[in-house]
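Please read through the structure below; I'll follow up with questions.
By letter and in written order, the chains are A, B, C, D and E; residue numbering begins at 1 in each of them.
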Amino acid sequence: MPETTQNTPATRPAPAGPAPDAAAPPGPSPRRRSRPDRAPWGWYLAWTWLGAVVLAAVFAPLLPLWDPDVPDYANVFGGITPQHWLGGDTLGRDTFARVVFGARASLLVGLCAVVLGAVVGGTLGMLAGYFGGRTERVLAWLTDVVLAFPGLVLIIALVAILGASLTNLVIGLAVLSVPTFIRLSRAATLVVAQREFVTAARAYGCSPLRIIVREIAPNVVLPVAAYGFIMVGVFIVVEGSLSFLGLGIPPPTPSWGGMIAAGRTELLTFPHISLFPAAVMFLTVLSINYVGERTRKRFEVKESNL
Amino acid sequence: MNAAPTDRPLLAVEDVHVRFHTPQGVVHAVDGVSLQVGAGEVLAVVGESGSGKTVLTRRVMGLVAGSRGTEVSGTVDFDGSRISELSGRELSAFWGAEIALVLQDPMTSLNPVKRIGAQLTESILLHEKVSKADATSRAADLLRRVGLSEPERRLRQYPHELSGGMRQRVTIAIALSAGPRLLLADEPTTALDVTVQAQILDLLAELQRERRMAMLLVTHDLRVVRSRSDRIAVMYAGKVVETAPTAELFASPMMPYTEALMSAVPPVAGPNHVRLQVIPGRPPNLLDPPAGCRFSPRCPYAQDRCLTEDPPLRDAGSEKHRYRCWFPVGSPAWAEARARNAERGASAAGTPVTEEMVLS
Amino acid sequence: MSETTAPPTTPAGPATDRGTPAAGQPRPSGRRSFPLRRIGSRLTHLLLVLVAVTFLSFVVVDLLPGDAAVVVAGDNATPEQVQQVREQLQLDRPLVVRYVDWLGGVVTGDLGQSFRTGQPVAEALAERIPVSLELTIIAQVLALLVAVPLAIYSAYRPGRLLDRASMTAGFGGAAMPQFVLGMVLIVLFAGGFSSILPATGFTPFLDDPGANLRSIVLPCLTLMVAEAAVYRQLLRSDMISTLQEDFILMARSKGLSPRSILLRHALRPSSFSLITLSGLNIGRLLGGTVIVETLFAIPGLGQLIVQAVFNRDYMLLQGALLFVAVAYVVINMLIDLLYLFLDPRVRRDA
Amino acid sequence: APGINGGGGGEGIREVNPYGGDLAAEGEPRRGGVLVMGTDREAIGFDPTKQNTNMAALAVFDSLMKLRPDGTAEPYLARSMDTPDAGRTWTMGLRPGVRFSDGTPLDAEAVIFNVQRHIDTPSSPGNRFATQIASMRAVDPTTVEFTLKAPFGAFPIVFAQSFTTGNLGSMLSPAAVRKEGAQIANRPVGAGPFVLTEWTRDSKMVLTRNPNYWQEGKPYLDGLEFRPLPDTESRYASIENGDVDLIFGGYHTELLRGLGNPNRTVYYGPGNGAEYLYFNHKIAPFDDRRMREAVVRGLDLNALAATQFRGQMERADEWFGASSPYRSQEAAAAWPAFDQERARQLVREYVAAGGNATISYKTTNAPNRVAFAEFLQAQMAAIGITLQPQFFDLAQYSSSVVQARDFQVAGWVGGPYDAPFPLLGNLFASKGNTNYGNYANPEVDALVQTAAATTDEAERARAYQRISLLTNQDIAVGYYSRGYLSTITKPEVKGMVRYLTRDMFFATTWKQQP
Amino acid sequence: MSGVVEEAPAPEDDVVLELEGLVVEFPAAGGRTVHAVSGIDLQVRRGETLGLVGESGCGKSTTGRAIMQLPRPTGGAVRFAGRDLASLSPAQVRELRPKLQMIFQDPISSLNPRRRITDIVGDPLAVWGRGDERERVVPEVLEAVGLDPAQVGDRRPHQFSGGQCQRVSIARALVLEPDVLICDEPVSALDVSVQAQILNLLEDMKARYGLTLVFIAHDLGVVRNISDRVAVMYLGRICEVGETRALFDTPAHPYTRLLVSSIPSIDAAHVAAPADRAAGEMPSPVDPPSGCRFRTRCPLASERCAAEVPALREVAPGRRVACHHPLVEPAAAGPGTREVA
């Protein structure tokens, strides 16, 4: 063989990480470099907070907390004390313990609904984007039907028919998020399907299913995930709004939204009952959004021309 | 060509550096470049992708300025004024009116949602006190000048309704609208077809001659500038590695990179199935540029010295022909280095030296 | 859900569905974009959507335990009385018959009467629609008024204080359930700390324009915060990518000021997904502002719909859903038209 | 700590101006002004044959009779109501010259027409009383004679009740009914002090003075405006903020805040009736008295007060309130007191006998109901009962609890009520239409009959006290608290005349210009 | 210069791939049709390299893809190994795919950024149920295209330069050992210095695997260097086919002449005078000109060119031109006129 590996200069080992030089498409677009984004300590803060919340949620039963479901009539509307770090709620239950346990339900709703919606919507969107034609038309119709149908009615109906429960709430929210995921993943699929590696895969005889699973899905996952991330935050807030309408997670299971809604009547007199869960929810959703937004930004690494 | 450099060059670039701070490290995109362009002269800047041509032109124009992530140094003088020290607001007085820019990709350099006419008259109105109607007729004239048929109709069209070549003509018309004295053409034909590329280059040459405008013509293709420039500067990894009057450069390239660049292009005359001379390896990583001569890891003639010492820009006989190399092509030292590397089958950098790299 | 599910980005909007004809990459055949289907097939699509939505709601209401008869008859009614009411309301007929009957009514312009109040549905809708429209549109306009300048500046100087501050504030607003935000606003402006605005009540514009505006300030604020946050985020990121385009560089090298580049060159090409989302949101909000309506006692469609579901008043519900679906569909068409107007590249395809 | 509105602690819940203000002490009424009122829900309509809560009904209709604080009825729009034969025949005298707002006379024919509508509409809440009538006769234009199927001593009350309960005394203009048909519910024509002029549902209902009103010089107000403000918090904020002059409060939260605010006048009386649990006596486990007792004994009313009522709760231990003439000490004493130990023991016994202590509890999804369910769940857990709450929207609750009576235990909020008739019977008679728990006691059934039939107050009192005792002994329902329906006004609102149910007689109301 | 690899042209009759009257049309907005390829006849002989040149949008890629049946052509025949692919069922076409491979213009876009190099190169084997051979074959092929399997196998495409990516695509195409390789502008996205590496590599691979190449490019220098024969396309039609050097040295079609004169030459003397160049740009394939499609830009255009579609006829041995006014004397023994609609 006249020519051997000459692409990597022998003197220096090829850079281990993504060589910025190779990351840029060849050709005349050297500007596609990430912008200097220094010291995003907000980013670390957000992750730390989320990590703490998730850990607390996961290990809640193991933590030395008050029982979140057992009332303590001496602590009704209780203020902050060394025993009750965030005071007590309308039944005197320890707010701190309830906030920690509430993280479980709230995060579960957010995560499960998004994952479910993303999986179903993402899959359908890929099918629509890849196959086009009738598949796409039927899905477009379905999408429009769901979008044109007030989501609240759907949730009310679901809760009324199947009963209020975490599962049903998750299903309802997932259904509502499906159209957006369909559109998102369809749009991403259209972009990916135009890329030549898809044509290449067809050229060596890949079946459509394999192409979708192995070639398209990995590329659609990221934008879908970035959006899903943000939707987790949205759904946590939505669960709160539903609690207001009596459609949230049924008691005594604590959820942040439910706690805020429960303390609402005391908002003027004992604001801390709503305030603490609201603050925790606020920080969490803020962190999720922040992280989601930055994750999304990772894809757009161009610099302004202005 | 009709190069008539006056004593004071129209554009003088002295020791310009541009560094970008990225999360991965510092990209030293332009590394001490000095250039002069006289009025009416065409200087071609040639180099591979990533060699810093675009950044250089933008620095010259002032579009790249020092900021949080960007560090610049060196001076740019335009007709006696030190434009490298002007603020953005002051610079915009030069932009369009004195210095104009034509970009590589005509598909993206026009605003897709504005009519051609609006984009053209906008820059006329910005620089001159004329009525809207006058500006429109001036715009039509300009379009006619750049060879577009039915200019009045074109003014009402949107960019997507024009072909690539037509759009590039429009961008040239916009660049010329305020009669600039220096035109920076950053790869103006890369995105175009051969036939159209030739047309556009002809057009630029013609306009430049006619207006005695100085031009900095940036390209990655040495051949493209063969007949269209007075002087050529070859860039590699942010540095000018060789600069010479066009004919001289083609006749006797001193820098092995220039030589390699010329012979890597498939010839259009002679037999086919010619084994091409390759430049091994890949363009340098600007985050971590090689020590010594930046071309040394890829150079078939590299010696130990090349790996450690960065060669200065040296004269090759005349002031006008300068290069950076310890072993300039054609010199006895070069012949020796070449023989040594051929013998050991590798350059001092360890790059295998094969037949096809030293074919000539 | 309506209230808070404003998707933070619109990957979804037709904006992303648009091919980029200018880029020269032809789109694969047979995959014409959603919004640009030919009028005929578009209309069939719309009709199918309307039929599906209304039929779906019929089925949903039918599946719900309890029917309008128990609500109408009241707590004191005996089972026989309930049965009598049921017959009177013709609720004992099969679902499909009732649906076809209703559909026949719609075609002849008769939306029927509310079971519970006897009010003609058309009249009930006529009362609510202007209110909902006003609330929704003003909230949208406010959201845009706040979001667009912030987004433009944030895109111009990303990472600067204003960018970060407005992002945090926006996310914060979006992270607050509306019933909390609304209460906070009430406490701040209507009762607690100051009494400069009414806490509740709605005055129609024609009765008293000043009072009308005062009465919708708080509801609109409550509605707009989350929207504005999302819009800012969306426009900002689209604008940032527009600002990376070469034509911005061209405009700059002409010597244009940043201000005119931002407003005259960058804004329009960056606004497509914003427009899509804002259009979708108008459609969504029309039927989904129940929390704000309840809180501020605004007689809008949201309350009507929720009450109708709770009362199993499907005649009323059907009418309202029909309107919401029609509005969604019409707004989508309007957005398509707007695209034609805003983006000359789409005109060619149309 | 009291919040910015000074709610919370304060003086505690107590009876304040239950039947309205002291008209004589309030000074000379002023004329003019519009009274803006916030209601807790939108009315369904003005047709008396359709059950609904409508605070504006009495303003449009006035009532033929009016309840007195002691629960008996006196003529109001009517002139007299007499029985010559201990309740079998009743003669109602009407005021001459009273006209509906459309100008047609309110005469004997009109009364008969209206009562007949209740008879003809089986779903009317008044139907059960109207069908007691064997025949009606217009003796002359101002006299109607009702002949009943059986003696009915409480008959005058059915012309005086709150609109919700099916008041036969709300008179619609027959001409208008004939003209409007079913739309009469939305365009009523009555003989009350005000006339409905504009109604935008869920927004506002505007009434203006009836110029032909029968009481000379009244009403004082030019008009009324009712605004449905369904959200409790913003409803209260509206009266605080001064957006409205008066709110009809539904919950203790408003009552407490109103009582704590010296700048607001509160009208409230705990009256009769209560918040209670319905036990289903037909199915396990509450077919067993032990379990009913366990639940009642397991309810820590102090804790309940602390958690649900901010420490302020009007406790209920029988149906009749403290100021009722029918209240019996004996009955109250028979009510099981809080005793967790005993409750636990009862549950244990029941479970030992093969019973199942896992119970589903049905209630609505209103926020305070949810909170109560949570409390109850915790309390029951302490005595060994696993309570599984199920939350329903109103329609679902109506069909599953009210209609199907498919529940083990369910929540209910009743009261305050003015008169025991007909509510007590409805609740406890085995055929009673609000006896959702299927409580059955033949003696109670008989006593209910007696109480309704007799014209002898003493006999009626005895009957009611006995019913109270028996139902308490049987633990027919699980009382815990009185109701908290209140009216809160700005101090400038005067001349209030009201029922405990919050129904108002608007003719005398006036507004002091600030 | 030295190092010329002269190859004996393959015998006429050994045709592996034949296009006959190939037509590809796409639906366009407004119910119109894009006539991307309008009746192409071409033969590719075993072992040769056929260059396909033309301006952007003239239908080169479409032709290449039509050969691959991606998408299936609207009309005409594509005969591969004697079988008309257009008439085969999808399953049968799939069976033939391993023998017919393609590499694409954009080296970055043609590799899935989320997969590892060994996966990408090995995937065709997996698809064809030869997954167990991956261990052996993939390193071999990677080695062949000049990549160190040990070093690159676990990396992802974005960690490579364009040239390296193009090598990976070539490796992927070769792993199934195809007979025919269609290269759709494999070097146009690459830098000059890398371009030479890839061109040399393709020549090596051709020799090593005995490939037949269809080489699509717009860079005439490249095509001239690598091809044995060249076909020049203009707006969906073939203008001229001939032996490479002859075609470049004496263009017979005015369009070929235009192309050749536009090549920037390293040799200054080569630059044609601007006046020689035809003005204007290629018309839209949605609405192609009647008759000869080049006539709108042709300096020699006559009325006949507007009326009559010129047939591809032989003007010299192995040289065929579709022009009414060819720049060379037609050979005496032309095969007559055959209309290509």
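Methods note: a contact is a pair of C-beta atoms (placed from the backbone, for glycine too) under 8 Å apart; a residue touches a chain by one contact, two chains touch by 3 or more.
Here the structure is a predicted model, which is why all the values come from computation and not from measurement.
Counted as hops between touching chains, the shortest connection from chain C to chain D is 1.
Here the chain-to-chain distance from chain A to chain D, counted in touching steps, is 1. A count of contacting C-beta pairs for A-C and for B-C identifies A-C as the more extensively joined pair. Distance from chain B peaks, on a Cα-centroid basis, for D.
With centres set at the average Cα position, the gap from chain C to chain E is 52 Å.
Annotation: 47 Å between the Cα-based centres of chain A and chain E.
Chain D and chain E have Cα centroids lying 90 Å from one another.
Residues of chain A found to touch two or more other chains are 2-4, 6-8, 19, 21, 26-27, 31, 37, 156, 160, 244-245, 261, 264, 267-268, 305.
Multi-chain contact residues, meaning those touching two or more other chains, occur in chain E at positions 56, 161, 163-164, 191, 194, 197, 200.
Multi-chain contact residues, meaning those touching two or more other chains, occur in chain C at positions 24, 30, 64-65, 183, 187, 192, 245-246, 249, 252, 258, 309-310, 348. Only residues 1-7, 55-56, 161, 163-164, 191-197, 199-200, 203, 218-222, 224-228, 244-245, 248, 258-259, 261-268, 270-271, 274, 277-279, 281-282 of chain E touch chain B when the two sit together in their complex. Within the complex formed with chain D, the residues of chain A that make contact are 69-71, 73, 76-77, 90-92, 156, 160, 163-164, 244-247, 250-252, 261-262, 264-265, 267-271. Contact residues on chain C toward chain B in their complex (touch as defined above): 21-24, 245-247, 249-258, 265, 268-269, 342-345, 348. Listing the residues of chain C that touch chain D in their complex gives 64-68, 70-82, 84-85, 116-119, 124, 127-128, 131, 182-183, 186-187, 190-193, 195, 198-202, 204, 293-300, 303-304, 307, 309-312.
Contact residues of chain B toward chain C in the complex are 61, 63, 88-89, 92-97, 99-101, 103-105, 107-114, 122-123, 126-127, 158-161, 164, 171, 174-175, 178.
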